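What follows is a set of structures to go through.
One chain, subunit A, links the two complexes that follow: it is found with subunit B in the first and with subunit C in the second.
After this line comes the complex of A and B, so read on.
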């Protein structure tokens, strides 16, 4: 059941938006568009900073209370990394369209689910950051997010990075953590039943996925070094995606 | 100043402002001044007179609504919330894709518990709804759709209800055991096998709990108050005895034989906001920026703080179990602060437990 595919991303997929990105990982596919800074509506206008507007659209149906919750979490986190003070009285609009969610063979899928928002949060977060980079919105840091579930297995507990819906269903606790590129904890959302010690372990795991330092070993040594096999290296992924995009954009030179 | 000498004639316009005027005009510098007093022997206080780690006392009153099956009134400072729990019967014939399970009435194992938990989720047996009444705070206007805040708090209560497994779903099932009809016994010997199959008790209906919260007065920290109200109301909830009437083919309830809902654990929410010295400081280079963790923030403080932390702990089983951690909107609170904050939440847990009354 575990989907262990590497994350994939494409930048600038929508021609008319200022910036856009399509990101798929762990069964989730999200497309984001970013427009900004544009003129803000009168009621959203802030005299000192830009208003960040996040809209989450689910794969099916219209957004409900769960989407509002996701939007408010993303909005408060993204406001922290965007240099909002540079654009007073303007608006930066981020629209996130969920395209695909992993199917769970074990439960009858309901169209409207108020919970189960946890596993999708990293995908939404990553897509928003990629789209902001694509739009060239000035940011003080980039950020990466991941989900970790603690799943009981044969009497013990093991932590699963990027859990599948089945893992989330049987998990004792599910955690979403986001870190900035300065290794600071930007966002932490956990639910379930856990101890502080377990949360510490989850923190270590998530930090390893989100903020792995650039490998110093080269060539053969790096390939043989299987010390880090727990999940993808998201910071490196973000960097290489941008590098590839820049390289292809400047190909004509 | 002006008070030193009596005013010569008529009211003289004062050139200084009173403290409340300053607090209104520039709230951030005002709160900063009260939190960082000039002399070291003065304790840092907030505008509301509390120290940074001092929560507002909580008062809980239950069974005040006569029409609801369970109700509570929670008050912390000027935040007042009423919660009413009302049970409605949901016959299984009304559930699309209802899958009868093969458990029995007397199952007490973990499988059955997990199944009951799944039922709560699949059939939406817990329906929380939060209303921020018009006039409970100036920002809530009449005639508008539910605000983002109301929707967010409602979603958080919903996820915590399921995530913490507070309600034992087994108590929400209505069972029916078909009786063997005596006159038919002789005739139907051939079909005895089939009859036996049908004698098993079966679930005929579920109780759906509508948990409605109304904020009468809103002064910050809505989630802590809302969650305490939900928990107190659920602990107060008594459902009438329901049985299936095969003749009328419906569920009938009997008065005077109410059973109390089985509520597991006592998770208590504890929130704090992070107040930064420099309002417009850069994230990432925040070393020089002092911060204060303000426990149980009121409305004016919430307006000045971007980063908020909520931890839900349950110490009723001896060891501290964390049910939820939510932190967003900033980078000050890292791993160490969250660890320390769990300790603060344990203190709050004891206060709320005392207020709950048992």
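After this line comes the complex of A and C, so read on.
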């Protein structure tokens, strides 16, 4: 079983883009660039809103239907948090380049054709949000995302946060959920067989991972609290990444 | 003049506690860039940055850095002429954006017969007149009310360097040395180099001068101060190194 490490992010990695971010977590590494608001093509112009164009490029190859599917899901959720009404007839272009995916130790990857797994979606989503924050594109709220898989284990089913490729392979269902910083559900995509009760449990687990309140000054209770060891604290990670960026931008003040 | 001591980091959508919002009975509250008003009474940040409040002027805004310029009326910018139309020039403020229009007669004491003829690629120092989200921006090189150019107009010769928007704002501050912590230009002038500068809020700085090496050295100094995040000490060292190379 692969060990899940803490998420890492670097902002402003591409100097020529308006905003960029490189994010890695659970074996997935994605680099995103954001350009905008810039002039849109005539066919993409919307009279009252900006057009959000998401392009997903896999680590190898050009990308096919699977990547287009991920793009359309990301586009519909990112359009909800970006303030698109501020930039009519413009384009906000987000390009996501997958650099690394975790290896499945049980499968010979040289024989299997590479195609993006569903579980990469939270990494893609998070990188896009970080790149948008780095570019200074006005947004309604920030968002965090996570993947949960329901894996049969010893006769019962267990929900696994940040599933490894092996987990995804043997899982009954894989779910990706994203929440905004106002604790609203932004994205909910699922693959596989599951009951409504199982989805409710997945929802609670994902909400716990994505919407953990930021630790207050008396943070000792949070550190010792064993209930919240389901996954990394994504909101806190997002905030501390942005704190570093703003502090380095405003070093002269 | 002085701002509050607490300067919290805000992310888009963060709630702002009411005690941070300045209140004054006489002046209305003015919201600067990075904030939006959600009726009836919510003020919400839209970018990630530092929330700054000025109790004297009863205003608040978010201080952040980025590279994509959004035109606002009253800004002084450096534009490049793309082509000439029947009554206007089409100019570019930043790449991949719709061109801004500059009327042919929008120069000091210009008539149809005596107007400046600008070729594509020429640079102008202009002021943004009209900029809203529905229309292409418009710029002018003369003040409408007084008819004088006040330093606006064509920039002949020299070179243009790109800087981040925040660095351009620091250069344009009234007290760029004390509050903006940018000393490079004063230091280079103090060493006896002869050059002139025009700073555009769209992240462009034009440097003009007779000696090309001086122009390039000034441009390098600005670029390295911006990209390297140099403080006052670092700027002094940088200027010393550049001047040594010139002599």
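Here is the rule we go by: the second predicted complex is superposed on the first by the 236 of 253 C-alpha atoms of A that agree within 3 Å, B and C clash if a C-alpha of one lies under 4 Å from a C-alpha of the other, contacts with A are read in each partner's own complex, and residues count from 1 in each chain.
The rule we apply is simple: a contact is a pair of C-beta atoms (placed from the backbone, for glycine too) under 8 Å apart; a residue touches a chain by one contact, two chains touch by 3 or more.
Keep in mind that this is a model prediction, so the values were computed, not measured.
Once both complexes are superposed on subunit A, the partners subunit B and subunit C fit side by side without clashing.
In the superposed pair of complexes, A:142 makes contact with subunit C only, with no contact to subunit B. With both structures placed on the common chain, the touch criterion links A:61 to neither subunit B nor subunit C. Using the contact criterion defined above for the overlaid structures, shared-chain residue A:250 touches subunit C, although it does not reach subunit B.
Touch criterion met: A:182 reaches subunit B and subunit C at once. Contacts of A:77 after superposition on the shared chain: subunit B is touched, whereas subunit C is not.
Legend: residue contacts after superposition of the two complexes on their common chain; A:152 is shown touching neither subunit B nor subunit C. Here subunit B and subunit C sit at a least CA-CA distance of 9 Å once the structures share a frame through chain A.
Shared contact residues of subunit A with subunit B and subunit C: 81, 140-141, 180, 182. Put simply, subunit A touches subunit B in their complex at residues 48, 65-66, 68-69, 71-73, 76-77, 79-81, 85, 107-108, 110, 114-115, 117, 140-141, 175, 180, 182, 184-196, 199-200, 203.
Subunit B meets subunit A in the complex at residues 97, 118, 121-122, 148, 151-152, 154-156, 158-160, 162-165, 280, 282-284, 306, 319-331, 333-335, 338-339, 342.
Taken in their complex, subunit A has these residues touching subunit C: 18-19, 35-39, 81, 83, 86-88, 133, 135-142, 180-182, 238-239, 242-243, 245-246, 248-253. Residues 7, 9, 11-14, 36, 46-50, 63-68, 70, 95-98, 133-134, 166, 170, 180-182, 229, 231 of subunit C are the ones that touch subunit A when the two sit in their complex.
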